[in-house]
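Worksheet: one structure, shown below.
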């Protein structure tokens, strides 16, 4: 037994992310780790990789207690972690990236200098192991994503690891490149290296691994050999719970088209996207991370420019979009990254909630603010969102929990009276109770005449809320399902198998 | 990328070299005396102090930091070495002593920056004033005239090369060696690119920050001595605004203020030579001297603008690459 | 964490402590405030010393402030003098105009004010000023140098280092130079005028580049002696620094009469130097202020005629030259 | 023990600076002769006003997460423009008050223009604020000296140079100007849309942009306001010294940044108040004046001010919980 985890727990503040995980890993074994977003996969791998320590429980490596206090400590013990976001320095060469911390040196009149010859030889050797034949003196910024991924692996191999953790290694790779990566993984397995492979792409997981472990809500719900799984069972175990009355019903009275998008293209991000949204309709967008969903709504809202195509808003062709215009038109956009793009963390609740709708509370040439009115309106909306807080004008939003923070962002947008609300992963990292309240708010909004465009990686959520679900892959729309056609496995398969359109 | 875009990109990348050539040719055409061997040696000697200062600054800028205190370090070092030599301490004793003072300043800067986490700008702005105040206090704002022996070092020659150029070459070679051929040097680039990533990769970030500010302080001290050996006196304005010139030289040489990009050879050297050539050329063609700062300021402004545009376009290119 | 807070405390303590050391009890008797714009050159240092010693001789207390070239700060410093209730003020202003409001402030507070070495603008209020006759002294110095040039029997190219043009003295010296050199147009041609803004680095670069552009310069006049080191450094690099009598000797003159000028004269590198009589100026200024404090009347302007010291009168005039009476640092 | 004392002294209360200020005032009033006099109180006030006005402009820029090092050159440029207009070219304009109004307008315009250049370079061209304002500082102080050839303008109209000693409704004119600037700055920041937008841009420009804040124009306006403030301060300086000088204000940068930092405005943007800056400027001026009265040299004061600013920066970080 190479690696053993016993009853590992991890909490952030009051939130328990891992609720006692126990499993083990043998030499030369590949373990597929799957689960929904927020199930605790990354947290568990970060524990192994030495990013932070567990709150409780024990880890053993080769029978010895394993408690790394930094990524470097983990690496020196033989655990390498290949993050989804690569840890490379694009301004340095491949070889320098490989040896950033342990350059081979030679003494030169008592001065220790980098031994460029040895580096070249060693770097070529390492690159050879991952099947790269390029010049190690090339700068990393000149490489495309696939070779970068391989360089990162080569870097990990340089430390002679016993275990390698892969976090979504194929998201930025083409089919051909991914295939090459799999060959490499198999080669490494033959050398006796154990691997943990995290991916949303269940096809890949089934092709590659020996065993599958499924995480759900911080618990290991099932771990078994590969042969006892197929995609359907995996999905079922991942989603697990029955969502009884989780999604409140809604009066159906879908109206005219509000937004029509045709052949929208932004080079490098999205291509020929065509869809529409009707009044009082909720349209969901599903797909893998990097499928272009977020990019598409950013273009729609006016944060990024598009190259061709047309957007028609309430029958009028729009040639210019930017956030200011969008808000005037009645479009609101709740972004995925709450901290970086949704909140002013060092400001109070009032200032955060009123920001987008400030125009409503001002008058006169100098745009004087009617503080009283602003406060009353904010209070009203914050009350409607059932946010738990102590003081509107003195409490900083950073002191609120994730769910309550999200409700404040939502309140901010509701204050602008939006006709179309764009939601990008609105329930990411939020507890169940808050999720349900947010669903309720969305339904309310729609019943009062607005439309919603919602991006989510949780299929259950989309199926429960939406009137239509559109699937995107590689910047294109690949499928569209009406409510009557909703079937979990079909949609998942379309998204995960990267199948072509069933439109 | 179209051919036109490529050409623009190329021009952006080599803007300083292009500008340098333009400056040389322009002055060469305006005055036959500009491109003579004598004048070129002159430019080299005059630029030696600034270049050394800018080399130290390059290290700091590479880590995305800044050091505004170098001009004041120069001044304090000048005053103290002047005082020491005047009261009769042999020069060979005074020199190592003042180099240590340069290092001490670097240490103080580094301490406040990485231990107490105050932004480099405020820390070095404070030490800028503390240093200048200290220097003025010690010198009682008097100009200190140095003995002959100091000037002799300045005008002496080694292997047929004037001393300032010898020292310049030495610092240049060592600086270039450290940055390009040692583990420390490469890690400086890593820290400048992304401090969090560097920490994750196990690069000793604190040690590197400390070292770059030490190097910067040391270079300021050396630069001060080189300037003194040419001037023969320390006036209260000695080193004033040199920090800006050093930053400008490094940035002109392609060192990015955002860290992680740039080099000493040829970058910073060309940047410093460019500034010095402009100043020298303006004197040679006998332009109204009041216009010097205006012209120098305009050139620096343009280059900073180009740097930002370059940075913007690189960011855009990177984004496209990583998403799909 | 703990370390940092303790460090903070210690640092603040040091700040407070150092703040207390400057405290000085007020003495009885007459007190005057002395404000200098700068102490940059030997000349100002010697002047300050002379004023202080004259005060001490007369039993006057004094407070000193230096503003390092900042007119605004000097204004604030004089206001502080007035707050402290000084009986008189002696001041070296930055220039002729920024002194005007300072004089007005002193007038409003009815405190006599004496201006040292730089003449205020005409419309300034009640004051007494002592100045050297910059124009005449420079003119005489340049005339002496011109005679030397004529005597050498060949033509000369000349360079002048000009001071800060915001300084009225620098302008008088420049004008004195221009008018003095006019008489020698046949033998001396001015090819280079270097603005130094009273800055040694600028002077060094300027002289070096000028020598590059005109290698045959053989006549140099500097508007102040404190620029000597820069000039000598540049001359040495161009291999043009030789004593009098050497065939490549550069006719060399300056203004102020500082210790370096004296030693250069003795070593026979310097031909002539215009001397301001520091002792005369300082003593008469302090006396004037004293009599004003006691209610007497003095003229608005005291002129120091100064003199030219050169190789021929070196021995007889050296005793009057302030630079000769100070030790060379 | 020591730690808890330190906590109490440097604690999280934003009023710390006020307490320190008041305490310092009383200590100085007791121990420093000449400090607690009417004449000196006026001194304090008149030294405070121009600095405070520049610092208020700087507060605006820092609230937007920028920095303006060029304020010194703006003071210089506007001073010579003002001096030039007042003394020469507008001599034909009668009566004198019209001439003065015209000249002051020209000064404000110059300040706003330099601010505009800074703002556009930062907001539109994406240049780092530090580098932009550093170069504009060099450029414009060079230009000021070039335009005037280091000569001051003088012989300004009597009514202009007497301005510092004139009163309106029993309030000295400079004080009135100061009060008006503080009042406007306070009103703008606390009661208008712009006052809400600026800190949000400084704290998180992404969030602000998505929430419909006009980020670029907000930033540009902060620099314009800063330029105008520097111009107003320049009016006071010019009137006080009765000269339009190209080196006016060359030495005030430390005091300006010091006032803002000591007040507690964050260097990272988004957090700051006009009243904090007032306190900071009062403290700097008091420090300066008292040390001066103690007979300390200009240079020692410089050193102490540098140390005090470091201390203040550390206190701010402590307050923001960065330790």
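A, B, C and D label the chains in the order they appear, each numbered from 1.
Just so it is clear, contacts are C-beta pairs under 8 Å (C-beta built on N, C-alpha and C of every residue); 3 or more make two chains touch, one makes a residue touch a chain.
All figures in this text were calculated on a predicted structure; none of them were measured in a lab.
Shared contact partners of chain C and chain D, listed by label: B. For chain pairs A-B and B-C, the one joined by more C-beta pairs in contact is B-C.
Each chain's centre was taken as the mean of its CA atoms, and the one lying most distant from chain B is A. Chain centres here are Cα averages; for chain A and chain C they lie 72 Å apart.
Averaging Cα coordinates per chain places chain A and chain D 46 Å apart. The distance from the centre of chain B to the centre of chain C, each centre being the mean of the chain's C-alpha atoms, comes to 33 Å.
Each of residues 149-150, 297-300, 307, 310, 314, 323 in chain D touches at least two other chains. Shared contact sites, meaning residues of chain B that touch two or more other chains, fall at 116, 136, 141, 290.
Shared interface positions of chain A, defined as residues touching 2 or more other chains, are absent. Checking each pair of chains for touch leaves A-B, A-D, B-C, B-D, C-D. Remark: chain D residues 67, 121, 125-128, 130-132, 134-136, 138-143, 145-146, 149-150, 254, 257, 261, 267, 297-303, 305-307, 309-310, 313-314, 317, 322-323 touch chain B in the complex. Those residues of chain B whose C-beta lies close enough to touch chain C in the complex are 31, 33, 38-39, 42, 45-46, 86, 115-116, 136, 140-146, 151, 154-155, 227, 230-233, 235-238, 279-280, 283-284, 286, 289-290. Listing the residues of chain D that touch chain A in their complex gives 188, 191-197, 199-200, 203-204, 206-214, 270-271, 320. Those residues of chain D that touch chain C in the shared complex are 2-3, 5-7, 9-10, 31-35, 37, 39-40, 43, 46-47, 149-152, 154-155, 161, 237, 240-243, 245, 247-252, 288-300, 304, 307-308, 310-311, 314-315, 318, 323. By the touch criterion stated above, chain C contacts chain D in their complex at residues 1-2, 4-6, 8-9, 11-12, 14-15, 18-19, 22-24, 26, 63-73, 75-77, 79-80, 82-85, 95, 97-98, 100-101, 109, 121, 123, 164-166, 197.
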